[in-house]
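Each structure below is given as structure tokens.
Both complexes below contain subunit A, partnered by subunit B and then by subunit C.
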Partner chain A sequence: MSLLCHQAQSQRIEISPPYTVESQLETTASFERFPWLLEALRGLRLIYESGRNIPGIGDLRISEQTASFVRRLLSLIAISRLPVPRITPISGGGVGLLWNVGGKEAVLTVYPNDDRFAYMLSNEADELVSDGLLTLEQQRALNSILGWLVQP
Partner chain B sequence: MAIVDDATISNQTIVFRILLDGWVSIVANRIRPNSLALLDSNFENSCFISNDQSFTELQRLFPGQPVAGIPVEVLRTNGFVVERRPGECPTDYQGNPDDHVVVGPPAPCSRKIYQRGSQAIVKDTRVIMLRLVQNR
Partner chain C sequence: MKKATANARIAPDPPRRTLDFEKPPVVETSLGFYFSPMPKWNLINYGLIWEKFRAKYPSAEFKPPIGEMQLSLTPNPDFTDLALRALFVDNSKTQLVQIQNGCFLRNWRKTPEIPRYQHYEKVLPAFKEDWLIFVASMRELYPVDLEVRRCEMTYFNHLVRGEDWDDFSDFGDYYSVWRGSTNPDILVNPRMITIGTVYEIPHGMLQINSQPGIRQTDGKEVVQLTVTAHVIPTRQSNDELFYCLDRCHVANVNAFLEFTTEKLQQRWKRKQ
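For the complex of A and B:
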């Protein structure tokens, strides 16, 4: 091993900052490529900030942990031509995302006490055609599900 | 908490589920509760037994809100049950607290089964949609 190489190794620094950071450039690029994303994040923020417990309807407060899960979920979607999803609280601290494209409907649900998200797909006749549970590690499956929405 | 079906509530009874605007969709030219309207992370949703008094009270408490009228038969057909929970009735509800019910599956079930049942209920054509009048 050369001295230069040894010095390079010994001076190696930790490149990951000890705090969560998102590159501004990457964020901007994502918004340009996925025009629905900014509005979706705004919608999430709105329900996060306005959430309250309404006796007779349900507890619509969303935890930071749940909001973070939804942000990560949205960041995994790599389909540019999706419309902006409707983002709505689910009673009991959950979040629902709903897309309707030409009569086809996709619903994703996130619950505060579950590290999986559920999906339900309905066709133009309003019939359930597929449903299931996924984790955030199953990005390909997520995009396949939502890709069905925009298939001609 | 498990929900115990109340046999004194007939299948013909309608229960009102107060909705958020985001829980209403227009699908195939029909306005109906969407798939998020009858979901809860604890698998139970608040509803109210329909009668003249409860309608008046809901009108007072939730003016302008959309409401789904769900026949109990539709709930039971899809695996849900109905239990009176007067102790969980909103404190400012001035009607009979026994009007307040929770609906959901009677025993623990998977999230997938729960959501299927919930979606089948809101899609049922016997579910009616109302909107409470906005206060003037």
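For the complex of A and C:
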């Protein structure tokens, strides 16, 4: 590698109050930083509170454990410019999250009593781009997947 | 008496009100000093300093620095002084020291395994001990003394939805500064309330931020109420710096009690 290559340098740090004081240890995803998160949470609360067992359609009730898993999943997404996802209950106690950005779609599916969630990406032509399973420990992979949605 | 003389031109600090809860909302505290960045800072310094802390804090992590960082593109990059923040963490994961070129912070945090809150009186001696170790390490690296520009203390509190509060429309009952709308038809049912305030205190500033979000560790919806005070020291002596921390603590306690209502404090089972 050439010694003349251009890279980030000349850092200057300004630490002058008032500034945003952030917890260094207990991370929270704030609604101010991720505007879509507030409505996503509201959508989740709505299906959590209204979930019923409907004969012929299915059991759309969501457990607190599953709702908590979805909240944690949402809090790990570090992309501020995402749209609000469509949140739907899945018969049997699961939750589906769908983002559509200009025809590109990402679907995350959370199943009850499972520490993994499924993802599926499809392009503007409705072709499958990628799919698989992830855990909440794979935050980087999750953000990479959803980052694809907002890439030009 | 020297302290009183130094601060005679400004209003004195109000007396500290007592504060103790059976179920305190605090999840993290941070005490620290901000100093003038040292010239020719070197990444290797972190390793040299860690050697002094390693017995007490055996784990090390690196994070982006605190503050606004400006980067520019230049040829012949040199990362000798790459801006970083080093975290030295103890075995319990509840105590850590944070160091970057320009600040020294020491944090306590609550964990599920060790949830008991550690009062200021308990963490201050540990802070003093670590600060003196840091100063001694810096003396080995630099021939000049550190110039501390600011002393700071922060309380991070989590107000958990369903435990401490139920709806944003109730916050008029919880924050004395928040009245909400008195008109039953206009500005009702707030979906979110974010509050950011900055106040002057003698020789410093006090910030209170109330910011809703989701806690990543357990997915709980919380409002993070952050109370930060900083005081500018008038002299460069450890006595003065620690005295400034005491003043930050007093300012934070008084501000917290003033900002939150008795109703909310009762939810945390205030003892005094």
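Keep in mind that, in the parts below, the second predicted complex is superposed on the first by the 123 of 152 C-alpha atoms of A that agree within 3 Å, B and C clash if a C-alpha of one lies under 4 Å from a C-alpha of the other, contacts with A are read in each partner's own complex, and residues count from 1 in each chain.
Here is the rule we go by: contacts are C-beta pairs under 8 Å (C-beta built on N, C-alpha and C of every residue); 3 or more make two chains touch, one makes a residue touch a chain.
Everything numeric in this text was worked out from a predicted model, so none of it was measured.
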Practice item. Considering only the touch criterion stated at the top, classify A:Leu37 as touching first (subunit B), second (subunit C), both, or neither. Key: second
Review point. So, A:Pro55: does it touch subunit B (first), subunit C (second), both, or neither?
Key: first
Check your understanding: With the two structures laid over each other on chain A, which partner does A:Met120 touch: subunit B (first), subunit C (second), both, or neither?
Key -> first
Practice item. Please indicate which partner A:Glu137 is in contact with in the superposed arrangement: first for subunit B, second for subunit C, both, or neither. Key: neither
Exercise for review: Kindly classify A:Gly93 by the partners it touches after superposition: subunit B alone (first), subunit C alone (second), both, or neither?
Suggested key: first
Check your understanding: Touching A:Arg72, do we find subunit B (first), subunit C (second), both, or neither?
Key -> second
Check your understanding: Is A:Val107 contacted by the first partner subunit B, the second partner subunit C, both or neither?
Key -> first
Practice item. Could you give the residue numbers on subunit A that contact subunit B in one complex and subunit C in the other? Key: none
Study note, to complete from the structure: Listed in rising order, the residues of subunit A that touch subunit C in the complex are 3-21, 23-33, 37-38, 41-42, 67-76
Study note, to complete from the structure: Residue positions on subunit C within touch of subunit A in the complex are 27-28, 30, 34, 37, 63, 65-79, 81-83, 87, 96, 98, 100-103, 105, 107, 109-110, 150, 154, 156, 158, 191-192, 194, 198, 205, 207, 209, 211-222, 224, 226, 228, 230
Exercise for review: State the interface residues of subunit B toward subunit A in the complex, per the touch definition above.
Suggested key: 18-20, 22-23, 25, 27-28, 34-36, 39-42, 45-46, 48, 58, 61-62, 88-93, 100, 111-112, 115-116, 119-120, 123
Exercise for review: Report the residues of subunit A in contact with subunit B in the complex, numbered from low to high.
Suggested key: 55-58, 60, 86-94, 96, 98, 100, 103, 105, 107, 109, 111-114, 116, 118, 120, 122, 124-126, 128, 131-133
